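Letters A, B and C mark the chains in the order given here, with residues in each chain numbered from 1 onward.
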Amino acid sequence: MGYRLAELAELVGGRVEGDPERAVETIRTLEGAGPADLSFLTSPRYRAQAAASRAGALLVGKALADRAGLGRDLLVVDDPGYALALLLARLHPDDPRSRREAGVHPTAILEPGCVVDPTAHVGPYVVIGADSRIGAGAAVHAFVAIGRGCVVGEGAVLHPHAVLYDGTEVGAAAIVHAGVVLGADGFGYATHGGVHHKVPQVGRVVVEAEVEIGANSTVDRATLGDTRIGAGTKVDNLVQVGHNVQVGRHCILCGQAGIAGSARLGDGVVLAGQSGVAGHIELGDRVQVAAKSAALASVEAGKAVAGIPAVEIRKWRRQTALVSRLEEMSRRLRALERKLGESAADSEAGEED
Amino acid sequence: MGYRLAELAELVGGRVEGDPERAVETIRTLEGAGPADLSFLTSPRYRAQAAASRAGALLVGKALADRAGLGRDLLVVDDPGYALALLLARLHPDDPRSRREAGVHPTAILEPGCVVDPTAHVGPYVVIGADSRIGAGAAVHAFVAIGRGCVVGEGAVLHPHAVLYDGTEVGAAAIVHAGVVLGADGFGYATHGGVHHKVPQVGRVVVEAEVEIGANSTVDRATLGDTRIGAGTKVDNLVQVGHNVQVGRHCILCGQAGIAGSARLGDGVVLAGQSGVAGHIELGDRVQVAAKSAALASVEAGKAVAGIPAVEIRKWRRQTALVSRLEEMSRRLRALERKLGESAADSEAGEED
Amino acid sequence: MGYRLAELAELVGGRVEGDPERAVETIRTLEGAGPADLSFLTSPRYRAQAAASRAGALLVGKALADRAGLGRDLLVVDDPGYALALLLARLHPDDPRSRREAGVHPTAILEPGCVVDPTAHVGPYVVIGADSRIGAGAAVHAFVAIGRGCVVGEGAVLHPHAVLYDGTEVGAAAIVHAGVVLGADGFGYATHGGVHHKVPQVGRVVVEAEVEIGANSTVDRATLGDTRIGAGTKVDNLVQVGHNVQVGRHCILCGQAGIAGSARLGDGVVLAGQSGVAGHIELGDRVQVAAKSAALASVEAGKAVAGIPAVEIRKWRRQTALVSRLEEMSRRLRALERKLGESAADSEAGEED
């Protein structure tokens, strides 16, 4: 049983260095793999672990395809990350989560006017509000709460405890993980005489096709109109997307990133972990915001920024390097002052700010 | 059908520039509005979009009430944000979420001793623990889990999947969004011999009247006594409030802000997005902590602070400007050294810290 | 009724200063305590409140055991935090959450092959997938969703709305708070031609014994193999743990901390609030990352780091102090230039970066 390396090479468009007839049963981590397994080396930092692994064969990129050093048969590809995605889908096809039977569980509560496609799965203890529609092949898992007038697209998956407020749209093949809240009221108040008056949030949330949203992330409904996550965008866990935000297509929003209200992100934008985007600004296509950074002003397409407030990343790196040399600069300044007979005491008088 | 501008002006205490008889059907975004709609311009940054909008009329503040430039009838007010709140409430009155019928859904499970006011709504698959009370007109939506001995005030709304641990109190007219967890154990351990022993958390959480808490935010129960969110305070999504924290009245806690244990916030405090407050410190009334900043020491009433650690915001702005000029300062220092024949190499010897 | 101080002293290994026969009924905060209560003073910052408290007796550490100044009977111990934990467990034994009766609620849905120990509690509206096992004395509260092939250890507690994806293991005596999501897909994509292809996440999550995980935190399943939280580690609310991460034993992960994919933490690591750890790096045993800081590179065992990027904390403190003196340094630099007749205007020409 298993797969011949030659056949896997054909699947991923790669080539075998070594024995093309070697059979592997599955794919495992470097630590977990045994002689019957394929493992993978996608970064030079794991080269020593790869050499020490018991794996029978390794998937590697061209740059790391050192068969002598790695001491075993190799499956060599241009893009090992993409090959890994293809191989996992082939070698682990039986993810039980993808095998939910069609039909509505008897404990699910559907308000009048709901339309559930007969090929969709609606699990136990699901509540779906009036006039909502669940598309063909969609899976709505246990305890999902769907409001009124919602749309869940074909093949979309809503994991347990996801919540869709009224009017939310989730596109085809989108994946919404457990605990995600789509369409809660945006954070809008008009402060009048020291009291915060709620601005009604009567817009909605639209999540386009093939978006994935990680566990416990939140996307607020717009004040008016739509908060929108563009097609193919991937959102990690615990990410906050404020009201009226427009996120483009094929963006990557990493864990705990946050986007304040009315910001607009172009296509292919990357927000690294714990980064933030201020309200009402615009990030052009392919902008990258570094981890822990805060974009407080609009950024032109293609730029990578870092820092608080974020500046171009090269500038941020230079600043960071200079800050780490401040002690030395301070010493040098003092040395010059001494040489010139300047009294440091005088100039320090005003520093109590 | 619709509303005459003159009548809306009366509602919001404004005046019409142009035709007071113009009728509008609803209020929409600048992009979404058509000739039968009112839209709004609340910030100069959207002036070009306002001029290009198809909206029949615009709500504007006095400073932006340039009828010639905007080319249409205007509804001019002192405070356009507040007027927008009033108009939305008038023009979008039929939020279906506010029209839940009174009564307890047959699938709700109420432990003995619960008292649910007959005018309250308790939705499907709600669980309420013993001796809890649900006030008049309150709405408890699907999958809400309420522990034992809880109180939900008059007119309060608990959105789907909110969780109240035992003993939690939610005040009148408070709004608790989906996925919020009130009253989980505070993060308290006594470390003894390298092992973290749990300190029992036997206090509770009190959320006062007219507080709103955003989706998936968490407020921990006190070790002893109460963790308290003062009346009228508004909390955004994914905010963390640690045990024993006291938050004053009419505060604003923006998305992903965090408050460590035993901190005390006065009234009218504003925590901007992703900001943090250290444990055991005190922020006076009306303190403002900037986005991404961390207040690590107490701050006097009325101050605005920024940075990590947070300093007065003017000082932070100057520091940030100076950091961005460090490259230039370094060049100037080097130039002086050259002029004085100082060897930079000497002074750099000790910088390997 | 109540407890004599002498008997409490024996319980916690302390001694009484004053009347060993004084009886206390319970333990309360300094503000909440009356003459029949014990309160506690664990930090010098609360000394004034302690002196003003109405408490009949105080638990204090040796350093603060000033009986004259505090004006009442004292229970003096080496480690007041640990003593407080012991006292709370003794004086507040009746946490109703710990008294859930054994048995499976009739509304719980168990797929075939589940094994629930007869001494375990399974609450209302729980769903447990096929072939999962619930250990002796475990408590699974309302609305918990447990996938297929999961294991919940002896005495573990899953609070309402916790979600365990397929294959998740939770160790003995672990506590998982409301809204926690264990085992959602890791954030892994292979970007190919501008499109992000999902890398199947076929590993799982293992939470070892005596771990506590705070409300709404998320731990992602591994791509292959396990994401692991080591025994005795305590995780606060809204913490993100990425796929393939290995967290050691007895670590402390404070609120809103985040760990990116494939990072490895040793034993006894402390991540302060809102801190972050980059992917693929290693933090040695007992490493401490300060609040709001970001460890972007590996850190040796025993080091404390702070800043973005994180450096040794002493270095960070010096840097922070120097940044706050930049204004003064700038003035001094200018003064030297004037003295030397240097034109600042020249050197500023290139600063428009």
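By our rule, a residue touches a chain if its C-beta (ideal position, glycine included) is under 8 Å from a C-beta of that chain, and two chains touch if they have at least 3 such contacts.
Worth saying up front: this structure is predicted, and the values here are computed from it rather than measured.
To fit its Cα atoms onto chain B, chain A must turn through 120 degrees, a value rounded to the nearest 5.
By the residue-number overlap criterion, the interface of chain A with chain C counts as different, with under half of its numbers used by both chains. In terms of their C-alpha centroids, the spacing between chain A and chain C amounts to 24 Å. With touch defined as above, residues shared between interfaces to two or more other chains in chain C number as follows: 125, 143, 161, 179, 216, 238, 256, 274, 308, 315, 323, 326-327, 329, 333, 336, 340, 353. Residues 27-29, 31-32, 43, 45, 79, 81-85, 88-89, 92, 95-97, 107, 123-125, 141-143, 159-161, 175, 177-179, 212, 214-216, 232, 234, 236-238, 250, 252, 254-256, 268, 273-274, 291-292, 308, 312, 315, 320, 323-324, 326-327, 329-330, 333, 336-337, 340, 342, 344, 347-348, 350-351, 353 of chain A are the ones touching chain C in the complex.
Interface residues of chain B facing chain C in the complex, by the touch rule stated above, are 109, 125, 127, 143, 145, 147-149, 161, 163, 165-166, 179, 181, 184-185, 187-192, 194-200, 202, 216, 218, 220, 222-225, 238, 240, 242, 256, 258, 260, 274, 276, 278, 280, 294, 296, 308-309, 311, 315, 318-319, 322-323, 325-329, 331-333, 335-336, 339-340, 353.
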